[in-house]
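You will see two complexes here that share chain A, one where it goes with chain B and one where it goes with chain C.
For the complex of A and B:
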């Protein structure tokens, strides 16, 4: 029954490589952007903070698919010829940076007040305090929710198939159009996503266990 | 390239038509997710080990695969199996199945966050297990789950955009058709984003109101 899946497995695996590459690139960008946004949201001068809030509000209220379409349809009219892979990766990164900023903001705020006071009592200020005292603890706390956001991101990359990028979901659709075997092929696609996301979630749970005995 | 406000006003009926479908599928998907989540969490916390394992496996399965793939599986699968269902139904089933898994975890966290002392206090007052649950634990758990449920609702509303790929004529679908016909990409996607912001903002406002109404003076 599953010989159609086995016969086309190499196409799905080639798609999976694109999915992994897209996910890794977008996750790295989203993490850096998200950390920056979190710092701005917490410590910046108020007009800048307001701007960041507006950005987060838009990213949280508009579907990723709409942002992808906006990029796909709008940029060509502006005369920008964008590579769909790079474009998709950047849009996914921008969208998930809003969720990443929430992860980092929560982690920074979760560092106990006493730690900040102790750092100040030792004569530390601003950057020194952040780098030596707050960041190492916050990053540890951010681990598990960071991994959860990465799982959402991996699943989110499936949407770029709609704007025509050949990753694993699109590969699945193309094979289904040829073979008319949606159950077998989409099971294969789902298994690939499951393997990626489930291993991430096992890692997330491991981080959670490890961080829970810090305090 | 100029931004034509009149174009938006002229095509407002198109967006409103899509809006009704988006609101419909969002409301149904949220309602079914809340109900299905309850079924799953009851299984997840049951005394029967097999049921517990099954529910846990279900939650892992739906949470670790994209809702788009689930939609394709149901939509194209049902057609090949000889029982074709509409894109609307396939989308609704996939959204409810996936988010039911998330909602079940939210319920579980809410129930387990109620302190064991509350349960003991209920027992000390002579309540039975079931009474303790419905009188002591549940009212407190419901208050705690409203904010995460509100977040999940927003996820559902945003994910309804995906049913446009199954040719369901909701907002995103209309927006794409309109762009293909008129090439007014800026106007169309600006308006579309505004409409989604409107729906998600109204929804989270209503949930905040609910939270405020159910608050308890501490």
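For the complex of A and C:
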């Protein structure tokens, strides 16, 4: 029954590779951007903070699909032609940077006040305090919601199929159009997403254990 | 109580007032601590003891008055109506000269015991690593934890954690030590080991301000006891006077309640 899936497996896997690098690239960008936005939101001078907050509200308030359409259909009107792969990756990164920012902001705020007090009482401030005391603890706290956001991001990449990127969902649709076997093929697509996301969860748990305070 | 001639107090608190919103938590508090003096601050909850202590190293801001450490005002410069918050770098430099020990220990949970004690001297004062390690090991041996250097804080008892916290503060070679209810979070059988370390510090002549509910300790170890209520210093003097012959009604009530509480 699944011989159609096996016969077309190489096409799905090629799509999966695109999904993987799209996810990895976007997640890396979103994480770096998100961490920066979190710091700005917490510590920047107020006009900049307002600007950052406006950005976050927009990104969180508009669906990813609409942002992708905007990039793909509106930018060419403005005379900007974007390559769909790079464009898709950047839009996903921008969108999820807003969620990452909240992940990091929440984690920084969750570092107990006593830790900040102790660091300050020892004469630490600013970057030194962040690097030595706050960040190491905040990053541990950020772990689970970070992995969660990464999983949402991986699944979010399926939306770029509508702007013509041949990732795993698009590959699946094309195979289905040719073979008329949606059940088998989409099961294959689902399994691929599941495996990527499940691996992320497992790796997240492993990191959590590795970096636990109690050795 | 210090009788030695003493031009510059280690800590001078001068008419300090502080509000949390509309609530006045410190009401024109003035006192001075001489070098080598051990002052114990007592008083009911909400009397402003902890807030006063936290104002001394500016973990809390205050709105009026001045606090000077060795004659240098902390936190604010300018006088006569002009109050300018000093830059964080300067405040941090002054804080580095004041050791502080917290009720909840606040050890850095991601560092082992040795690293907790070494990190500030190395990163803030620029002490060479080898030297800082030798100092840290020495201090940890003094507080009886020479065998716990590689332990993580989570593996230690409360008493052990608090002794590490004292060693961590001492590693900065502070001019004075502030203790904020250092034994309040401890199981009763662990209180003694922490008080023992503090008693030793007093004997070595460390200038100390201690907020505590350990009346016996205050009576035996303090040079001077300060009693606070409702943000004011109500009474202060040698422990024998305060505990033996309290003048104010407030202190009489406080001590009476305290004794009753412990007799039940």
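As a convention for this text, the second predicted complex is superposed on the first by the 204 of 215 C-alpha atoms of A that agree within 3 Å, B and C clash if a C-alpha of one lies under 4 Å from a C-alpha of the other, contacts with A are read in each partner's own complex, and residues count from 1 in each chain.
Keep this in mind: contacts are C-beta pairs under 8 Å (C-beta built on N, C-alpha and C of every residue); 3 or more make two chains touch, one makes a residue touch a chain.
A quick note: this is a predicted structure, and the numbers were derived from the prediction, not measured.
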Between chain B (first) and chain C (second), which, if any, makes contact with A:124: first, second, both or neither?
second
Touching A:173, do we find chain B (first), chain C (second), both, or neither?
first
Can A:46 be said to touch chain B (first), chain C (second), both, or neither?
neither
Just to be sure I read the superposition right, which of the two partners does A:132 touch: chain B = first, chain C = second, or both, or neither?
second
Just to be sure I read the superposition right, which of the two partners does A:140 touch: chain B = first, chain C = second, or both, or neither?
second
Once the structures are superposed on A, label A:77 by its partner contacts, choosing first (chain B), second (chain C), both or neither.
first
Examine A:114 and indicate which partner it touches, taking first as chain B and second as chain C; both and neither are also allowed.
second
When both complexes are superposed, which of chain B and chain C contacts more residues belonging to chain A?
B
Residues of chain A that sit at the chain B interface in one complex and at the chain C interface in the other, please.
none
Within their complex, state which residues of chain B touch chain A.
1, 60-61, 63-70, 72-73, 76-77, 79-81, 154, 158-162, 164-165, 172, 175-176, 179, 183, 185-186, 188-189, 192-193, 196-197, 200-201
Considering only the defined contacts, which chain A positions touch chain B in the complex?
57-58, 60-66, 69-70, 73-74, 77-78, 151, 155-156, 158-159, 161-162, 169, 172-173, 176, 180-183, 186-187, 189-190, 193-194, 197-198, 201
Show which residues of chain C lie in contact with chain A when the two form their complex.
57, 59, 88-89, 91-93, 95-100, 102, 104, 106-110, 119-120, 123-125, 152-155, 165, 168-169, 172
How about chain A: which of its residues touch chain C in the complex?
112, 114-115, 117-126, 128, 132-133, 136-137, 140, 213-215
